[in-house]
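What follows is a group of structures, each given as structure tokens.
Look at the two complexes coming up: chain A is in both, with chain B in one and chain C in the other.
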Partner chain A sequence: MKRVHPIAFGLLILAAGAWGGLALAEPTVPTGMVLIHGGTFKPMFRSTADFKEVEVKPFCLDQLPVTNEEFLRFVQANPRWQRSAVKRLFAGATYLKHWAGDLELGPEAPPRAPVTFVSWFAAKAYAQWAGKRLPTTAEWELTAAAGYTNANGELDAEFRRDLLAWYSSAMQPLNHVGSGRTNFWGVSDLHGLVWEWVADFNTSMVTGDARGDTGLDRQLFCGSGSLGARDVSDYAAFMRYGFRSSLKADYCVHNLGFRCAKDL
Partner chain B sequence: MKGNQTSRQDRSLNPAGSRMFSWSRTIQSGLGFLLLVALTACDTTHEKPACCAQPNAVAERADFSDESLYQVESVWTTDTKQRIKLADLQGRPQVVVMFFASCQYACPILVHDLTRIEAALPAELRGKTGFTLVTFDTKRDTPAALAKFRKLRHLPANWTLLHGGDDDVLELAALLGVKYKQEASGQFAHSNLITVLNQRGEIVHQTTGLGQDIQPAVRKLQELLATAHASAK
Partner chain C sequence: MKRNILKQLSLLALASVMTSGLYAAEDQVMANGVKLVDPEVTGEETAVLTQAPHVPPPITRKHATKVVVNMEVREVTKRLADGVEYVFWTFGGDVPGSFIRIREGDQVEFNLNNHQSNKMPHNIDLHAVTGPGGGATSSFTAPGYSSRFSFKALNPGLYVYHCATAPVGLHVANGMYGLILVEPKEGLPPVDREYYVMQGEFYTMGKYGEEGLQYFDMAKAVDERPPYVVFNGAVGSLVGDKALTAKVGERVRLFIGNGGPNLISSFHVIGEIFDNVYQEGGSHVTHNVQTTIVPAGGSAMVDFKVEVPGTYILVDHSLFRAFNKGAIGMLKVEGADNSIVYTGKEVDAVYIGKAMDSGSEQRVAQLKEAVAEEIRDNPKIAKLTKEIQMTKGKDVFMQTCFVCHQANGEGIPEQIPPLAKSDYFAKMTDDEAIHIVIAGRSGEVIVNGKKYNGVMTPLNYLTDDQIANVLTYVRNSFGNEGGVIGADAVKRVRATIAPPTNTSQFE
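Showing the complex of A and B:
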């Protein structure tokens, strides 16, 4: 090979590096997903024994929650996840109860509304089928902590106001996905539409070896529980922790859906 | 916090990319071809395998009920390095606990509770009951570490010690209703839950807490074995 001039070679390396950086940032993000750059997630609720911070690596997250229409395609391809065929172990009796039939959405389940009445197992199976996975609590919370214009929603007064309004209001009929405002990362509907399953929902709010499970459940609702919170004014995050720790993996409820994540 | 100041425009580029972008554009035309090569190479080196294994294609077992944990297709490794599915535990009642071997406090008591249950069973039923310990600690509790634990604790052959993948542990915990979390110290905070599965892998009894009355679990096991005995006749 012909000798390359050292300076030209150096430029080439630098330029390639820059290009490589760009190539990494964009092309690996699948359609419908958004690149979340990662960062440090500070668990909102923790005991003295917990990690103060969790490093979140860059990952991709669905821009929107999974819709009825998308979930219908999943059950068409996977008959064992149809309402009449699903095993009770993996989904409670209310699984997809708002659909008109096994393969029919009906008036209660608009195609573009987020799918709800799905269990954690069903959400996980969907994600696997789609070649994705469920986000972890840390990934979800890191993304959801962003405001409209800032990676830190705490500094975004408008965002905080909207958030509190949603968490303190009664359930509304489900809108179509994407009707909310996108956040800093370009993700929509993390707040304001439905709660969402996370991969490790069953790692929320474990208090310690010595406490029995009943104590754990009660702990959620007693005032002293909030003493472990990093920022007690973050009512919304506190609500989510409480909600998650009250869940069981086969629960299918009207206000709980999901979206998928994917490694880069 | 650094992230707070990140503007909307920056975030589509990684930090290195954004710094070099402007001048790299000025030379990119001349080196276009080589850059393209570099870009492609870069792409493939950073591309990780797809995050999820495809769902198992294994046919569903018709012989387990809708409620049976033995429908689960996850594959586990025992302390004797055998690869098994939960369904391989079928045939005798199983007393199941999730634990981790380096646990200083709760797990020794949980394991002791299991030995109390075993000791309380009539001698002829002991060998007919399985005891299964599944570790949360997928990093440290390797099959070899579990083998050491078995030796230390003098656990007999009807005890099964299982190591699994993180996702499978999460799923089993979800099925049993066990909650757990790793703490900064490396210890795991976890529910203390003893589950009795019948011969077909259905949950028939759970005891919550440490050092509890073991009689309900013992009675349940006797019942299960009596039924099995009667139906075998």
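Showing the complex of A and C:
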């Protein structure tokens, strides 16, 4: 018998609860955002002192990553975040390096492509300016765990195949946002386009030497699920955790963008 | 509560940024402002990095120095086999990664540069490093960034390096491994040629040879069932025009590594014996080795003198890897033949084996009956049976009869009667001849006018076929002319002869 994934199980219960609540009062979801009903998130890595599960309350998440066009409006409104003006402490030397100028996108930064070469500080400042915030790892991962047709992507073979293909193919020129399929929640491009900043990116329990990290949480591998049950979608999560752990808040990377979240 | 935690986290992030800024500005200076100096080290040089199968030149300097290594990580789409592509993650653009050569005592400044077009963060664990993670804890690097750390090469040997970023197995499975040689202070014994060969396996979605871009297959990796096991990153990377070369009389050293991630290699060069093996890349040298184990994440240094021209095949002697999964390379040796060491083919002849092992008589009988039937039904084959019987009969004769009757059938004067042109043998019926072979013969006999008085021992241990064949051979050899004697006749005669008995003393 196939084990029901704990996340999926939690999700089903919570989703059911949330739907029940919906009938009573429809929350307001801003334009361009999607309501995520929340659920229980089990971190991929955690120390013994960390919570085994994180409860994720319902929240709103941008349907799409922030684009060059949108980020341009932000730097127009906030000159101190323009490329030539930004403080090095808050954004490294590669900040918006693919733009043609301070206020000019140019050929390497199509307006509808996701903005990249942005630091965590810049992403956070953008979110504040937009009246939003960056999603937490738990929120992001919970949303990204959904497949095309199922809140638990592990049960969605087509989703899993696409996910794996992206992780094991070379980096391609960036598509416009929204060119990928939307997932179960109605969110696009969580996979297959760019990595995304999260608010607590540096809490990933991956040290520089990832091999010691499995020792941080043996039970995640041996107790709560057998090793054989760890499958490709978990491996993809591994890679995301690995990626986040390699970052510093001033880093600006060619394939790293962000999207915003908002409390209900 | 949660917001407070987040605030603290952002402060932490800020702090880490500031620290990294400091390091950038205060290069080589420790946090307490003291610059560490290694008294043993003089001078500075940049390491020569080579792609397999090439190896940087031996180190001639007699002192430790500061060696700067600039290693670039590239994620590249390349050929895994003909028509098969794979996204390799590489140290230096190729699998295996660039060969690094330093000397015991050297101070190495290692710069890991993660190319900005890469998708993944990477780091490096060099097994030559004494320190946490072998450098991995200090070299975790996002795409478009660079990390630096330094280490002192304390132990000589041939070491594997590899990426140790989560998920480690995947990074290694995608090709992130290479070799670093730490030459001992006294250097390695000089050789004529040095080559770099590294084994690794690839876990593709498609089976061996399935064309197109192949994705990594997690399930196969966990089960350790790779469709590909290859030397130097691709099927055929060391064959044909790309084969290793040497000339007769030269000494060849192979630096062999195994990236794994799972399999242990039984490294063997067909037709060569390793004169010297630095086991597992360490300092202990053994001699006269046929096959040496190269652990996953381990190495071996072997050298041997090539004496005879020809093509020598490098294999993982777990042979299905070699012949079905790609683990084959070639060393082509040119030069003059040396027929003392190796003659080449001297005899090219038919070989017909000895009698069958016991225990399979029933099956053999069935097969023979089937063959006999086939022969009877096929006149073309039937004509050949005499020849076959004679060929087989000659083997029996040369094993059993020739000691007495001599290879030419002339016998031994006054002791053993001749079979060649023997009037006695010619007059004898087939049944009588069979009887003599099975039961032996003693007493006076006159052959070709000469008197003999000896004993022929019973040869009843010979099978019906062997007796039929040997008699057919004798009937038609040494100038004799006769027919064919069949096994069925032998069987019939044998049945008339009482088996020898050892029970008489009790009667």
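Here is the rule we use: the second predicted complex is superposed on the first by the 206 of 264 C-alpha atoms of A that agree within 3 Å, B and C clash if a C-alpha of one lies under 4 Å from a C-alpha of the other, contacts with A are read in each partner's own complex, and residues count from 1 in each chain.
Here is the rule we go by: contacts are C-beta pairs under 8 Å (C-beta built on N, C-alpha and C of every residue); 3 or more make two chains touch, one makes a residue touch a chain.
Predicted model only: the values in this text are computed from it and were never measured.
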Of the partners chain B and chain C, which touch A:Thr203 in the superposed model: first, second, both, neither?
both
So, does A:Trp120 touch the first partner chain B, the second partner chain C, both, or neither?
both
On the A-aligned overlay, A:Ser245 touches which partner chain: chain B = first, chain C = second, or both, or neither?
both
Classify the contacts of A:Lys57 with the two partner chains as first (chain B alone), second (chain C alone), both, or neither.
neither
Return first, second, both or neither, reflecting whether A:Asn255 touches chain B, chain C, both chains, or no partner chain.
second
Can A:Thr94 be said to touch chain B (first), chain C (second), both, or neither?
second
Just checking: does A:Arg73 make contact with chain B only, chain C only, both, or neither of them? Give me first, second, both or neither.
neither
Is A:Ser168 touching the first partner chain B, the second partner chain C, both, or neither of them?
second
First, second, both or neither for A:Arg181, with chain B first and chain C second
neither
Chain A residues where the chain B and chain C footprints coincide 88-89, 120, 124, 199-200, 202-203, 206-210, 212-213, 245, 248-249
Please give the residue numbers of chain B that touch chain A in the complex, ascending.
1, 3-4, 6, 8, 11-14, 16-17, 20-21, 24, 27-28, 31, 34-35, 38-39, 42-43, 46-48, 50-55, 60, 66-69, 71, 103, 105-106, 167, 170-171, 173-175, 177-181, 183-185, 187, 189-193, 208-210
Considering the complex alone, what residue numbers of chain A touch chain C?
88-89, 94, 120, 124, 136, 164-165, 168-171, 199-200, 202-203, 206-213, 227-228, 231-232, 235, 238-239, 241-243, 245-256
Chain B contact footprint on chain A (complex, rising order):
11-12, 14-28, 35, 37, 39, 47, 49-52, 78, 80, 87-90, 120-121, 124-125, 127-129, 131-133, 149-152, 155, 184-185, 199-200, 202-210, 212-214, 216, 245, 248-249, 262-264
Flag every residue of chain C that touches chain A in the complex, lowest number first.
6, 9-10, 12-14, 16-18, 20-21, 75-77, 87, 116-121, 123, 125, 132-133, 136-145, 164-168, 170, 174, 213, 215-216, 218-219, 222
